[in-house]
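Next come two complexes built around chain A: one with chain B, the other with chain C.
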Partner chain A sequence: MFRKPLDLGLVVLIPVLFALAPLAYNNQLLLFNAMVFLALAQGINIIYGFTGYLPFGYVGFFGAGAYGASLTVMFLHLPAPVAVLLGGLTALALGLVLSPLLRLSGVYFAIASLAASEAVYYVIANPGLVNITKGPYGVSLDRVYSPEFSYLVMAVIVGLVTAVVVYLKRSHLGLSLKAVRDDPLSSETAGIDVKRQRMLAWSWSALFAGLTGAVFAWQISVFYPGTVFDPSISIFAIVFTLFGGAGTVLGPILGTVVLYGVYNLIGITEPQYFQLIYGVLIMVLVLFLPEGIVSLLKRGGANVL
Partner chain B sequence: MQGLLEVTGLAGGYGPLQVLWDIDLNVNESETVVLLGPNGAGKTTLLKALVGLTPPRTGGILFQGRPIEKLRTDQKICLGISFMTEMGVFTNLTVEENLRLGGYHQPRDQVNNRIGEFYTLFPDLHGHRHHLAGALSGGQRKMLGLVKAFMSQPRLVIMDEPSSGLSPRFVGEVVKMLSRLRTEGVSFLIAEQNVKFLEIADRVYVLDGGRINFSGTVEELKSNQAINEAYFGLKGH
Partner chain C sequence: MSSEAVLTARDLGISFGNLKAVDGISLDLKPGEIMGLVGPNGSGKTTLVNLVSGLYRPDRGEVRLGGRKVTGLAPHHLARLGLNRTFQVPKPFHTLTVRENVELAAFYTRQEPHTAEKALEFTELAPLADRLAGSLNVGQQKLLDLARALATGPRILLVDELGAGLGPMELDQVAAKLLELAGTGVALLVVEHLLAFLNQLTSRVLVMNAGTRIFEGKLAAAAEDPLVVEVFLGG
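Now for the complex of A and B:
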């Protein structure tokens, strides 16, 4: 599976670096959020980079994971790591329910996925369900609150999602997904079960968003539906993926590190011009590097992972 | 000769639009059959119906004696049918990735061997193996499409207009290439407008207006004055 040292290096090195980072830099929440966006960017990479479906409502899976885990903790009183797993499975289940969306393509899919995530949000935030989801009042997981443990679990998830993307990049399955993205009809005539391959990518993508949302809920432990269904979470993750370069392993990593870094840097040093600078930066990069920063490496002749 | 593909009473089309009526057609083992017909005759639709890209409405399709009309496209491909579309290749993937996809269901080392064989047979492809297929010239693309169609070690290769978009010289090349590949004992069903492909045909069907209105050997076609004048502007003997 990992044919080159770089593969294994990335899969192991990134989580280890993140796990050790709090020793050198004391803003642990910022590091945690960087991991959240890294995992989400890779999750979007799985579905967008390999099949061409752009999920604008990706946050729906994130929120579903957060609520799946929270309800597990509140009602089943299970330990947090089990709740995280169930949160991931909740998002996976939502992915299966939403799988008919894959019949749409292009912008129609993007809009429908956005609408679907909003629908899930309004169901959960509905005051009528206050006894189950706490409706708009949000949930509190103070019983399992553990910023250190949840931080480490998030690092493991980052490692896992990187491993899946490396596997896709290297494997027969990944090649078939790229073929499906390029030309679904010809893929069928190459003997590829197009629907099944799309479902696979969609499920992996949903699962990781759910796991990430679940750990996020565990980390912050008190949140409102609007916190975990905030559409800007999808937008950020999509921008990070595209900025770095979709369809590669390195792209979303570089995109998240650079953009999230810049985002926080400007946010701290120039808070009043922050949105302006950030917006212009993204526009310039999209205009001049539409295939992300990894395309610079490709131009240099490197075979980018 | 043994029947490989047998089509009886096939009708099909797109949604409410019926394009094909009552098609009877068969291809035997190691036989090359050319399906001639003008633009809009329904050639592509017929091929798509055969491989399941458009579901046939009525009629039966037997492959090696087994009914396949209800199978999905990818399942038919696994049985040993290979389909070369007019475009033929994945333009955003490299030449080698295209070949690997051609042998999608084959064991990996077998695919590697076969890729090696084809590279010696077509050194042009070897030189371009890490380039995107979209960067190839029309002729090279066709060559890649052809080779890709053979990666799965098919029993039957179905081709949709292998001559389209090619200069007359390249059409000759493609025909030559096919006659070379024909020796492997594979059967061909080739939809074409270009009569040059009759050089390698064992039998011919003529499709017009969604119906088969001639079937026979090349000699029989050539001696059929009416068909020749109506469709191909060929002079009779």
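Now for the complex of A and C:
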């Protein structure tokens, strides 16, 4: 599975660096959020980078994971790590329910997935469900609050999602997903079960968004539906992936580090300039660098993972 | 006779709206046999290939592979059972290399890895193996379609207008390759407009018009059949 030292290096090094980073830099919440976006960017990479489906409603899985974990804590009184797992499974289940969306393609899929995430949001935020989801009033998980433990679990999830992307990059499965993206008909004649492969990518992608949302809920412990179903979470993660380069392991990592770094440098003090720069950046990327900044390295002759 | 056929289609039919694209076609293919499928544009040849290869599910009729009923099975199942095809407009995986294109087909149909190498050698694409498939010219992409189909170890190969767009030299080479394949026992159904090309391959043809069979037999006899002449040249 890991054919080169670089593979294993990335999978281990990134979580370890994040785990140690708070010793050198005291804004742990910022580091945590960077991990959240890195995991989401890699999750989008799994579905978009390898199959071409662009899920604008990806945040729906994130929110489903956050609520799945929260309900587990509130009603089942299970320990937080178990709740995280169940949060991931909640998103996976939502992915299975939404799998008919995969019959759509291109912009139709993107919009339908956005609509689906909004639908889930409005169901959860519905005051009629206040006894279950607390409706619009948000949930509190103060009983399991543990910023250090949840931080470390998030680092592990970053390692896991990186491992999955490395595996896709190196395996027949990843290659077959790219084949399906290039041409579903001839993929079938090459013996590839197109529906099954798409479902696999979709499920992995949903699972990681759910796990990430669950740990996010655990970390911040008090949140509203609008916090975890905020469409800009999808947009950020998508832009990070596109900026770095979808379909590679390094692309989403570079994209998240660079853009989330820029966001924290100028986005908080001068939000209006940040949004302007962001908008221009997206247009420039789509027009001139559709394969992200790693494609510049490829042009330079480097063999990019 | 049908007991030894490797492919049997009986009374296949499919309609799109009011159009009967294929209307009651039957055919048998034995191992190593080459059958030509000809007819004017829109006569249903490619639709028939799509029905047999599982891209379309027929409204009626059945397809059997060596006696096993496979009607309505997905193409990836049929590929694993030894039935494969090429496309009129080649459909390579553009962002993968030539080798990856062929290796994937061998892998997902559970062939030995060397099957892919053999397919590349056979189609003379081995020197291009590390190129991206999208960078090949149309003729090379057609050969890649063929190589990918061969990497699945087919017993039946449906060849949809492989000749179109090839030059005279390439045509002779491809004809020789297809004859060599048939010599190894692969049954071939060859859709073709180029009758001279077809004539190099086989003497047995099925002529379609408006979804139905209007002639089956020797290519030479087809040229003298009044109905075939009328359909091709106008009455």
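The definition used in the following text is that the second predicted complex is superposed on the first by the 289 of 305 C-alpha atoms of A that agree within 3 Å, B and C clash if a C-alpha of one lies under 4 Å from a C-alpha of the other, contacts with A are read in each partner's own complex, and residues count from 1 in each chain.
One rule holds in what follows: a contact is a pair of C-beta atoms (placed from the backbone, for glycine too) under 8 Å apart; a residue touches a chain by one contact, two chains touch by 3 or more.
Everything quoted here is computed from the prediction, not taken from an experiment.
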item	value
Chain A as common anchor, with chain B and chain C clashing or fitting	clash
Partner chain in contact with A:V194 - chain B first, chain C second, else both or neither	both
Which of chain B and chain C A:E148 touches, first, second, both or neither	neither
Touching partner for A:L185 - first (chain B), second (chain C), both, neither	both
First (chain B), second (chain C), both or neither touched by A:S176	both
First, second, both or neither for A:E270, with chain B first and chain C second	neither
Overlapping contact positions on chain A, where the chain C interface meets the chain B interface	172, 175-176, 178-179, 181-183, 185-194
Contact set on chain A toward chain B in their complex	172, 175-176, 178-179, 181-183, 185-194
Residues on chain A engaged by chain C in the complex (per definition of touch)	172, 175-176, 178-179, 181-183, 185-194
For the chain B and chain A complex, residues of the former touching the latter	51, 53, 72-74, 77-78, 83, 85, 87-93, 97, 100-102, 104-105, 108, 148, 152
Residues of chain C that touch chain A when the two form their complex	53-55, 74-76, 79-80, 84-85, 87, 91-96, 100-101, 104-105, 107-110, 145, 148-149, 151-152
